[in-house]
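Two complexes are shown next, each including chain A; its partner changes from chain B in the first to chain C in the second.
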Partner chain A sequence: MKWERVHKMYEELISNLELPEKIKEDMSKSFEIYKPTKSQAKKIIDRIVNTYKKMLYEPGEAIGVIAAQSISEPATQMTMRTYHVAGAAAKQVSLGLPRLIEIVDARREPTTPMMEIYMKKEFNTKEDAAKVAKKIKETKLKNIVLEDVIDLVNSEVELKIDINYLNNLDMNMESLKKTLKKYIKNYDITTEDTTVKITSKKETTIRELQKLKLKIFDISLRGIRGITQTIVTKKGNEWMIITLGSNIKKVLGIKELDPTRIYSNNISEVEKLFGIEAARNVIISESSKTLADQGLDVDPRHLILVGDTMTMDGTIKAIGRYGVSGEKRSVLARANFETTVKHLTDAAVEGEVDRLDSIIENVLINQVAPIGTAMCDLVFKPKTSKEK
Partner chain B sequence: MASVFLNWAFIGEVKNPRSFVEDLRNKRRNGLIPYEVNVYYDDFTDEVIINTDNGRIRRPLIVVKNGKPKLTKKHIRDLQSGKIKFEDLIENGIIEYLDTDEEENSYIALWPEEVTKEHTHMEINPLDIFGLSSSLIPYGEYDRGDRVNFGAKMIGQSLGYYLSNFLIRTDTKSNILLYPQVPLTTTQTFDVFNLDKHPAGQNVVIALLSYGGYNMEDAIILNKGSIERGFGRSFFFRTYQTEETRYGGGQVDEIEIPDKDVRGYRSEKAYSNLNEDGIISIETPVSGGDVLVGKTSPLRFLGRDEFLTGIQNRRETSLVVRHGEVGVVDKVLLSETQNGDKLVKVSVRDLRIPELGDKFASRHGQKGVVGLILPEEDMPFTEDGIVPDIIMNPHSIPSRLTVGQLLEILGGKVAALRGRKNDGSMFNCEKENDLRKELQKLGFRSDGKEVLYNGITGEKMEVEIFIGMIYYQKLEHMVANKIHARSRGPVALLTKQPTEGRANEGGLRLGEMEKDCLIAHGAPLLLKERFSSDEVEIPICKKCGVVAVYDWRKNKYHCPICGKGNNIEKVKMSYAFNLMLNELKSLLIFPKIILEDGE
Partner chain C sequence: MKEFKVTDHILVPKHEVLSKEEKIELLKKLNISEKQLPKIFDSDPVVKEIGAKIGNVIKITRNSPVAGKSIYYRIVIKSE
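And then the complex of A and B:
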């Protein structure tokens, strides 16, 4: 058949190219859609190869400095705009520069951890999504307490419960009592109408009661620990849940949810659960999202470089004193950055040798830094007159 | 129970804070307690705060009682006829001073018409809510708030006639505008502060027009004819001073023409302007580095040679004109210091004619530098032959919303045509409609626009141009004070790097971020060249890695450790790095330099 021959022709043209597999795949896919002739295909391939080569970094190009400049220049404009986002009540997310700093500092816990959860195909309805959202949202006891009184005379804590709220959680006073019993021992719990009384079996101090109050306030009645808010929205024609607070491990076990597409912005949590590669992807997507939200256009390759640098040795390292910069090989480079005295004295004690093979050190001693045009060396060794 | 604090010290508690505070205030108004006392009740923290200390900002307000201001027409009439004084009003509790704390408890009306039962006070004049400089801005209520702030700041930087005795004053730095004018559009503040005696600007004809691109980005085009007629000319005075200090051991400074054997002797020519007493005469033109007062001082340290021979034991410490400045000696003042030492002050005057880059501003926060000085014949002109003094770019207006400036131009035009000043006091100004009507009566378009002709081609411009009168200020930032360049020059003693700053003839720093740019461009050789200002050649012993010593007598290097001189290699490095190595050594850290064999 003719089509098969054309197909084979495309295969032959593409397969021997020195291009990444992804680009080759994309090429053959679009060839099959647009069906160019052989000469047309050759021209297209030529241009793609040329463009690809042009896009490659040349040896000795200062990609780190360029990435730093490309991210930090727009970031300076961001500072002023950050605090002007007001009134967005539904989503209270840390944005802009604070979030970007949070990412590159490799903060253990983000200020606003969030998850994006998608429904499985068979549960892709608003009702199901709302049901799950309600189920996973954590309700603590303090959310349903209307009034609390500490009674020192009877050494008891009296709580007035919002009964409607309680019923809304498919609970009643009996089940509340049961839940409380699980968490606190050595106390008598009595319920009447809408109040709960927790009485100490022995005499206590007011301090003790205050502590008890705080403890029972923190009791989780329902939902997944850490998830303080849920929002059900539609993305395309799919229902999804956005949560404030992140707990991937627990969410994975819910049968209505698609476990393959859970997204969290908590980098260290993702690293612990899915490994360093996943964490790298989160770093890249989070930083590019933060910049895009502010209307800033930064080439993704700079952010990919940041992600690679932060994760290259298998753990997440911060950009800065306690991370990448603090682990540089050169004493002078480290001393030049921050905490000069510490690095110099440590180096003196250990008798460190600085090979002077990076940039900052060479700027410091005013030698040619090995970057850009200074990356080439003369390989050719002319013969001496004797050898001739 | 509310706590009561007197000058931030707890003094007790009261049961009914509100009535307590009210009682205190009534007593103050009746003159039973001093009127400097201010009381404030904070209902959030439930505290009564009484302030009687000094250093508080307070302002006068008319007391309102039961929805009626206490100040009546009769009071004003009596004030005008001199029957009563302002102080009487304060004593009788008609006007009182509030501090920032008590202001929090008050509800202040701007106008008599809007006073209600809830009001506690009324402004004497709504202009009072502004400070001195901001209340000088005409039609300021039509400007955006930030522009009023900028405008007020720039009024503070404007050159004017700040004091009439400037000819005998010896301020270290001062500026005097040569032909200051009273603005056509004033505010009430001008009269209150006698500013017609101390104006700080000039009235100019302004056209809002883009003319050849020389006034883009806030630049302005100046009429050369206007400058020649005296617009924006100013004097810059700088006073230099020196004294004959007496030191311990009977040594003294001496003001004289230095002898040739004095250390640091300049040249005979340098002292040629000085009189016999070592001081320059007035009206002598001078420039940077010229000697104003010749002076010699004793040496700081006497070495063995100086002690024995006795020659060259004084150093040159003459008073010289600052680097980069020019002028004419204006006055010389001889006096004594508190210790009875001879004191000489020399004032140098420089005429500053507006030039490219000088900064001018209107009173509405619209500043700009001179972008072009155009000959009068090339300036656009109106039908009547009026030529603007300043051409400002209309693009400065929409984004900054300085509507007040447009009104000032319109009002200034009316004022100039009718021969009477125009009142632009905020909230009390002549209204736009009245100005328009009057302008029309005077035979102009009511919107202030006129047909303009291009001064270069003579063509009629396609649109009418807004043209009028405005008060313009010359600001103290003049290029003559800032222009600076250097090729070679002095270096700092410690680092051997170029000095910093214009006054020291310093270099322009290629900083951290500029360095990053050169790296990002992959140009390390250029970078090395840029940073070579302190390059030195240091001899290093290849074996021991230490800096070698130069033996002056043998004209040879040798290593201080192994003592040999056969392994010495000269290495080029920045002096700053060498300095760092020395500092490390002084901290008992021993840095070694390992040299690689070069092919």
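And then the complex of A and C:
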């Protein structure tokens, strides 16, 4: 009975504070453990609130510069290290600085797109996961061809098929023939035991046959376009599939998979399907993952700032000439970054005005820059004659 | 099978449309104009799903690794 009253007292003290949720939670957790009295609790809360306020950045602090330095200093260390990972794990992902640059430059396609897919609860078994993994992996015709011959005399292409592999895909020669027919016209297709013959109806050159061969090699028989490899693993209690290659839209339709937890490192794809906020989340998680993988400890707040800046205008903007820096209002600030002459001549042609109200241009012309305490201006409003 | 909703996805935080009064109050509280708010396109899948219109302010309740929960606002603009 008494304990409930104390508990309620804590709740009342904490709930009205203007603190982040997490600090409040931590506070009530440790209050449960140490059970301070009411006056003690009040003192503790005072201390916490004061410390929190001291830790906050003051208005006018140049947090962008701080974030930039906090990320790029460890990134410099990374440059020296990344190319020297001697023959370690064969995981084929772009890591380290190249990946970080990719994120910050807002590239359309990452060099190694990847997806993490979880199974639905009712399909959470190894067998189901393996089945789905097999289903979504893209198999092209060239994966199952053992031998290929171009017969110029009969103007035909002869392919020897790995029949076991084909049966593994739940296909047989008949269905293979059908699939091929969909893609190529003007050719006769005949199948024997384990060979497929594609004969041209009219005379052809060797060049055309070569072209035909390449075309049919690229036909995808099974799976989802772009997914080149699948790995089934277990994370905690759950089976999941890691894929090389990313195609969220297609994966969403598979009934065994949990659509709410599909994760992809392809930021622009996530933006298109799940919106700008999801893209921001991926930017932050990908960049912090990249840094953490290299054993670097960067405060998440800096990366959050980067994510917020990149997604401010409703679409993903790169940090650099074609994004954030190139869209600054001030001519001098833009000229200071890259392609100086271009910006200055363009500005001269258009008759642009620089109002000198931001930081870089003021540093450039040796004036006090409006950061920190210099951000304040004096405003004088003289009284009009009527008011006198 | 239940239709998949974008708002159910773990990467998508909670989006809410603010009413007109709430919007005016917010702009007054922050002492800014509409133009100064971060933006979100009307073609954004989440905006389409919650049915927000151009000019609406969307309140986004994010899960933050440092603050637990943080609130962000975006104004809906026409996509380019």
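For this structure, a couple of remarks:
Following the convention adopted for this analysis, the second predicted complex is superposed on the first by the 322 of 388 C-alpha atoms of A that agree within 3 Å, B and C clash if a C-alpha of one lies under 4 Å from a C-alpha of the other, contacts with A are read in each partner's own complex, and residues count from 1 in each chain.
Convention: contacts are C-beta pairs under 8 Å (C-beta built on N, C-alpha and C of every residue); 3 or more make two chains touch, one makes a residue touch a chain.
None of the values given here were measured: they were computed from a predicted structure.
Of the two partner chains placed around the shared chain by superposition, chain B is the only one that A:Glu61 touches, whereas chain C remains out of contact. In the overlay built on the shared chain, the residue A:Gly372 is in contact with chain B alone; chain C does not reach it. Looking at the shared chain after the overlay, A:Thr260 reaches chain C, while chain B stays out of its contact range.
Partner contacting the larger number of chain A residues, of chain B and chain C: C. Looking at the shared chain after the overlay, A:Ala348 reaches chain B, while chain C stays out of its contact range.
In the overlay built on the shared chain, the residue A:Leu252 is in contact with chain C alone; chain B does not reach it.
After overlaying the two complexes on the shared chain, residue contacts for A:Pro20 are found with chain C alone; chain B is out of touch. Of the two partner chains placed by the overlay, only chain B lies in contact with A:Val363; chain C stays clear of it.
By the document's definition of touching, of the two partners only chain C reaches A:Thr315; chain B does not.
When the two complexes are superposed on chain A, none of the residues of chain A touches both chain B and chain C. Touching chain C in their complex are the following residues of chain A: 20-25, 252, 255, 259-263, 270, 272-278, 281-282, 300-301, 304, 308, 311-315. Chain contact summary for the complex, chain B toward chain A: residues 515-517, 519-525, 527-528, 531-532, 534-535, 572-574, 576-577, 584, 589-590, 594. The touching residues of chain C, when paired with chain A in their complex, are 1, 4, 6, 8-13, 15, 38-41, 44-47, 60, 62, 64-70, 74, 77, 79-80. Listing the residues of chain A that touch chain B in their complex gives 60-62, 65-66, 68-69, 344-345, 348, 353, 359, 362-374.
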